[in-house]
Amino acid sequence: MTNAATSETTLRVRYAETDKMGVVYYANYLVWFEVARTEWLRDHGWTYREMEAGGAMLPVIGVQCEYLRSAQYDESITIRTIGILHSPVRVEFTYEVFKQDGTVAARGTTMHAAVDLNGKPCRLPEKVREVFA
Amino acid sequence: MTNAATSETTLRVRYAETDKMGVVYYANYLVWFEVARTEWLRDHGWTYREMEAGGAMLPVIGVQCEYLRSAQYDESITIRTIGILHSPVRVEFTYEVFKQDGTVAARGTTMHAAVDLNGKPCRLPEKVREVFA
Amino acid sequence: MTNAATSETTLRVRYAETDKMGVVYYANYLVWFEVARTEWLRDHGWTYREMEAGGAMLPVIGVQCEYLRSAQYDESITIRTIGILHSPVRVEFTYEVFKQDGTVAARGTTMHAAVDLNGKPCRLPEKVREVFA
Amino acid sequence: MTNAATSETTLRVRYAETDKMGVVYYANYLVWFEVARTEWLRDHGWTYREMEAGGAMLPVIGVQCEYLRSAQYDESITIRTIGILHSPVRVEFTYEVFKQDGTVAARGTTMHAAVDLNGKPCRLPEKVREVFA
């Protein structure tokens, strides 16, 4: 691990994201993580879309999430994201999901490996590595 | 419209497919329609996967659905599907979604246009047209 | 139909919302419709969440959608929504989904029936009817 | 941890579950885990639906998943599930997701806490504990 940088994203809970327990279904936090890291990248000067167009992708190779409080329909949720460069071929994001009242709903981590458009491992583009550094 | 053929698919309602109203979220019926037409095609001797691999796709250009009764978590749902060839470039599927007790939960229709891998309109492969005929 | 009022919502396409065709999966437009009508209601002075808390719900009884152009990952999408009161027990929303370049990706309609928390048809709360009027 | 029991579930990958990378979106494995543990419970003599109706729920309090190979549209996926009783108030499920060719696509774990319908921690129903024992 060499470096870190933080950004924040806000989203509103969709009805579609709830389940019959009345709160957000657990898999949807991983969708929010994706939104959060997309915005993290944009905040740091490039987009995942451009990176893919440039021939590199960052598929998730591992995820973990701890659920502390349930999130409700129509709540305004804030996600604080940190991106970390682990090596020239691997990055990690950590996420804290805050409820509208400021308490933590969930904490998670995703690990990503850089691959080219054929799915072969590759080094992260120089420009991307600089974003993390 | 030249021809029609019917098939049936069964699936069980997932917790993920419910929402805080306690029943299946309305957009998920369109996912079930996709499952149903995939199975319809398989029942008729080929797969959508093979069709895509062969260079033709059938994106949805229109959908309509009428919701009559709600579907519950863990219910066994049966979908009766009919495929209709409208023209060499267009097909339609109609769906009836049955609850476990045999009553109708929903009825819907999807219209599809044949396109090649560049998204340009194309004629349906001969083999596919025969399936509908 | 007695009255109408318009509002606009903007959202960014999530990776999760795309499918292997490379564009947004057709069922996800219905999720966007839900986001759009939630914001329409908020723009008009109340929230669907409050309405549910007050004992009335607006389940979808019918939907139709026409797909004109595909929406891409990370595009900024704008949805123009109109709410219409059909009767004291029924409302309709119509949606136009605009791509980032201003062209129309899709057009749709949802019809809703007012029901109480037991799922029985009921009149829309006075306050809600006023929103549409 | 006192005991364990295994079951297997099979499902077919839906188009809706893929993303623009052409393979299954990572959050959808968590939906499959839900399907797998529902079937595990059914194989062991009761249903999650009945358990909820009886006043107890098993929300997820933690998840982790490791992604080894991507899963493709229309593949037949098999999930091998093991349920473990950690304590009178906590259960764990572990999952191995197999591709059609028998290789492992993913491995994961979910941890669950028993709560009553008000969301308060509670002991698992005796009948449920016996299932794990």
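Which chain is which? They are A, B, C and D, in the order written, and residues in each are numbered from 1.
Definition applied: contacts are C-beta pairs under 8 Å (C-beta built on N, C-alpha and C of every residue); 3 or more make two chains touch, one makes a residue touch a chain.
Because the structure is a prediction, the values reported are computed rather than measured.
**Q** Give me the fewest steps it takes to get from chain B to chain D if each step has to go to a chain it touches.
**A** Shortest path length, in steps: 1.
**Q** Does the chain C and chain D pair touch with the same residues on each side or with different residues, judged by whether over half of the numbers are shared?
**A** Same: most residue numbers at the chain C-chain D interface appear in both copies.
**Q** Which chain's C-alpha centroid is most distant from that of chain D?
**A** Result for the farthest chain: C.
**Q** For the identical-sequence pair chain A and chain B, what's the CA-based rotation angle in degrees, nearest 5?
**A** 180
**Q** Could you put a whole-Å number on the gap between the CA centroids of chain C and chain D?
**A** 33
**Q** At what distance in angstrom does the C-alpha mean of chain C lie from that of chain B?
**A** 23
**Q** Using CA atom averages as chain centres, what separation in Å is found between chain A and chain C?
**A** The mean C-alpha positions of chain A and chain C differ by 27 Å.
**Q** Enumerate the residues of chain A that touch no fewer than two other chains.
**A** In chain A, 15-16, 21, 27, 31, 34, 73 touch at least two other chains.
**Q** Which residues of chain B touch chain D in the complex?
**A** That would be residues 12, 14-16, 31, 34-35, 38, 47-49, 73-74 of chain B.
**Q** Under the touch definition given earlier, write down the residues of chain A that touch chain D in their complex.
**A** Spelled out, the residues of chain A in touch with chain D are 21, 26-28, 30-31, 34, 57, 59-67, 70, 119.
**Q** If we count contacts the way the header does, which residues on chain B are in touch with chain A in the complex?
**A** Chain B residues touching chain A: 15-16, 18-23, 25, 27, 73.
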